[in-house]
Amino acid sequence: MTSKLLTGLVAATYTAFNADGSLNLDPIGAHADLLVRNGVTGVFVCGSTGEGVSMTTEERMSHFKRWCEVAKGSLKLIAHVGHNSIGDARALAAHAAKSGADAIATVGPSVLRPATLADLVDWCAAVAGAAPETPYYYYHIPVLTQLRFNMAQFMDMARERIPTFAGIKFTDENLMEFANCVARNQTNMLFGRDEVLLSGLVAGADGAIGSTFNYSAPIFNKVIAAYEKGDMAAAQKLMTRARDSVQILLDFGGGPAGKTMLKLCGIDCGPSRLPLRSLSLERVDALRARLEAFGWDDIRCH
Amino acid sequence: MTSKLLTGLVAATYTAFNADGSLNLDPIGAHADLLVRNGVTGVFVCGSTGEGVSMTTEERMSHFKRWCEVAKGSLKLIAHVGHNSIGDARALAAHAAKSGADAIATVGPSVLRPATLADLVDWCAAVAGAAPETPYYYYHIPVLTQLRFNMAQFMDMARERIPTFAGIKFTDENLMEFANCVARNQTNMLFGRDEVLLSGLVAGADGAIGSTFNYSAPIFNKVIAAYEKGDMAAAQKLMTRARDSVQILLDFGGGPAGKTMLKLCGIDCGPSRLPLRSLSLERVDALRARLEAFGWDDIRCH
Amino acid sequence: MTSKLLTGLVAATYTAFNADGSLNLDPIGAHADLLVRNGVTGVFVCGSTGEGVSMTTEERMSHFKRWCEVAKGSLKLIAHVGHNSIGDARALAAHAAKSGADAIATVGPSVLRPATLADLVDWCAAVAGAAPETPYYYYHIPVLTQLRFNMAQFMDMARERIPTFAGIKFTDENLMEFANCVARNQTNMLFGRDEVLLSGLVAGADGAIGSTFNYSAPIFNKVIAAYEKGDMAAAQKLMTRARDSVQILLDFGGGPAGKTMLKLCGIDCGPSRLPLRSLSLERVDALRARLEAFGWDDIRCH
Amino acid sequence: MTSKLLTGLVAATYTAFNADGSLNLDPIGAHADLLVRNGVTGVFVCGSTGEGVSMTTEERMSHFKRWCEVAKGSLKLIAHVGHNSIGDARALAAHAAKSGADAIATVGPSVLRPATLADLVDWCAAVAGAAPETPYYYYHIPVLTQLRFNMAQFMDMARERIPTFAGIKFTDENLMEFANCVARNQTNMLFGRDEVLLSGLVAGADGAIGSTFNYSAPIFNKVIAAYEKGDMAAAQKLMTRARDSVQILLDFGGGPAGKTMLKLCGIDCGPSRLPLRSLSLERVDALRARLEAFGWDDIRCH
């Protein structure tokens, strides 16, 4: 698997905003340092965790550019260029490639949805074609996009029509479908359900892309290490702890709560943008107390 | 009802593209003439029929501008400024107001979705606030957005938080919810299921916004006229014919087939953009033959 | 439409249980009298309102028998014989026919679901065949059964394969599909969304089957009368009042709250069976107070 | 885990019907022998695989009785007594206990659905109470029942209100929820997605209940053995083969195709009942050919 572009843990990064809602590029340097220091191998920028769809195309471009400068040589960078407007998506793809992204990725269009699998693949091909030298990943997250095409069939068609097709970020529970994708040779399958990572690893995941790796990479890297050593008892025990920490995130509503958890690790990404809502100060305190009671030190980034 | 901004039939216009996929503003003049000539009262520009989400923000702006020039004095113009990026949505709103739009409208954000009704209303308020003198309509179309908040509750909250709130374009089958909105005073309720317009009228619709009015306004105007005269037998008979014509559209896949029907009325809006797919020439011929066999002359715009 | 079996308002009756949960046939006589006195034309027995699926086959049989005796000559009786077990459904069908039911009806099987429309129709044909002289109605209620086959297509196939096929009890919001069924000649279409009855009437409903007619038949009969006279303004005003009364039911959770409303009209059907839960005494009081504040006298059965 | 009632592979048995559709108890003896010979530890009788809901209560009782006689001492027997009618469910529970079943299980009621988790648990408690000495399992299969209550919360409440509560047959992809159940002590968690068994094992499954173990137990037992030895490379390779064999089943529509696969192992369970449809002879031949081409010998029961 060493020849695959993406392995290990890839953090779906949060985007930093100032108090007035404007984009803030300042924390990116320290953010990248934190991730490298904690064994993260790459960053997935402007995805759903990064509120990419809530940003303007210009904001996404300047965000990609800064991340590319910072990540160079230390983190693989996947620029999420998905956009309902194919023109914006292509512009983002071309810009990301020029900025030095290692790969681009897109969700499919989700307001006007493709009627057939072929329409989806052709849409993806049109976007990928704007960055003809850059590996392309499809980002499958039906809970957000309502696009429920079978990914194994997608893969068969994508490999024919998209010269740069590299793999899938698969954020769904259907591990049968995931494993059917893994069984297709020479693809790079990244699992996107951090909370059940071990189940994804045994189904053949090359690595994982997720939001919790921003602040909890250490525990997940221990899970992978135990699994690769063949020590399943240890892997399961570590996975239980990792999963319990994700449950805390979910108990606080997911999404914006993760920005708070990253802030507790030293990187302040500011508020979330509407339609997301930042945690109130009371909820921030409650989350911090819950994490302390849980004992978060063996889990979080340092 | 005469004091309401929108009444009668409002066409959700198609956007014209050239064969190379670029925006084509040329047909707008003739398109507006056709609509006025056939008794359409307004246009809903860059909505889902108009593939608004598939256009760049610049394209939408130039499209709004041209429509505003053409519609001035003859058609009410509602600019659909919905966009997952609140920055783009606000820029579109401000531009539409400056261009002279009579109203703006948005769907809610549909990839990252608001967790609560209050979050949705606050998002809408932020967009509406960029055009503080322009009436704001919410566009409820859960089949596309997956946003299933109760619209009567939305309306109660929107009237408190959005000074310019004017009404709802309601594209859903739930007529109980629709009627509950109608029962709130001083709102403007537009129904969006052309195929059951008469059922919406008896539930209190002030008017309708839909794609089929681009090419089939005459039959729907006859439905309204018969209904307003109290001749229900005639209204139902006309409605049956109107509905049968919509069934033909649906049998050809909806969406892009409507562009073909408009072309048969003399306005060529060119191909659809990915992820939508234009009808093949064979399908165009089959659709034309089907419409001729059905006898389309009493239905369509002339 | 006079030749159609079912017209006007058909009450989907509640089933009476004793405090110990056993079946109670005693209220049926007074229940029937109330319905006849208030202009109800028929009863739909052991449907979803009647908790039919929560009863044993023997209970349903004795319940049908008693209702047939009581309804004879004054109310059309449709016995709902739907059951996941085709053997039970056929036994219920044969028994209902022998007891003198005017018609039988079934939902489709909803745990193991038919893979194709043909499988569903064949299942219905097998049940209908156990009562070969008795008209058969299909009960379409996808919110409960998850069976989302298109009813116009169902109708085309059912008319070929089920000699006794008579029509559909259509409990869904899709009025396009409903109207497409109406357009097929010689069928009997009953609408099942009481709260938007007027929208169903203009779409061609022959009548309605619903739970609220047990206690609110007068207001709905006035809606129908105004509609048939062509006085749409009056019909809409009456419909608004009817709908507001249904909203009260929904605010109290639907289902079991209806038993309370019927009790306020003098017929005590006792508690609901698990998995439904009767209203607490506090909620009963609150519901009574809400109805009094609303002014229920022009609406309810007397 | 040795103190848990159910471990290893439990076959969700098919029910045999004669060509005329009547129940056929004759194959049960040979069926049990096949399962024991191939290392199956128990049988789950009259579940969804067994078309339990398509059988009358009397048929289910005689079926339970025969299976109890045959399984005694060699296979754990779980009688699925779920039924929309609580009276039937209780009668089935009492009868199963008297017949010597090791455990009973139910899905929740799925036409009239409980409004709250407490209502569901109380319904389950009422059924379990009819067999007060017999362990009770809840059968979670939301794709069939639409009951989507969180099982970890269910478990917390069930342990308080159902003295005989033993565990859950969990047939869903949500392994986070599954693992959260495992983390509750002293419960018996059985996984129901055969095709991703290994992912379930690493999430803590005590065993599995599924239809494919009727005919493919050997390959799944090898997966478990490799996993328990800690040889993950072997486990994954075996799992891939097992999964590919399940894909063949799915390609032939699931359900009834499984009866064909069991017949190829020597046990003829006859046709399926409506609403399911047996494979045509052509499809049976195609399935056999596909299995032969795949090389089924290392997988299937002998």
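Order of writing sets the labels: A, B, C and D. Residues in every chain begin at 1.
Please note the rule applied: a contact is a pair of C-beta atoms (placed from the backbone, for glycine too) under 8 Å apart; a residue touches a chain by one contact, two chains touch by 3 or more.
Keep in mind that this is a model prediction, so the values were computed, not measured.
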Legend entry - Numbering shared by both copies at the chain D-chain C contact, with half separating same from different: same
Inset, instruction - Taking each chain's centre as the mean of its C-alpha atoms, give the chain farthest from chain B. - result: D
Legend entry - Rotation angle superposing chain A onto its copy chain D by C-alpha atoms, nearest 5 degrees: 180
Inset, instruction - With chain centres taken as the means of their Cα atoms, state the distance from chain C to chain D in Å. - result: 36
Inset, instruction - Quick one: report the Å distance separating chain B from chain D, using the average Cα coordinate of each chain. - result: 50
Legend entry - chain B contact footprint on chain A (complex, rising order): 48, 51, 53-57, 59, 84-88, 91, 107-116, 119-120, 122-123, 126, 144-146, 253, 255, 273-277
Legend entry - Residues of chain A defined as touching chain D within the complex: 173-176, 179-180, 183, 193, 195-196, 198-200, 202-204, 227, 230, 232, 235-236, 239-240, 243-244, 246-247
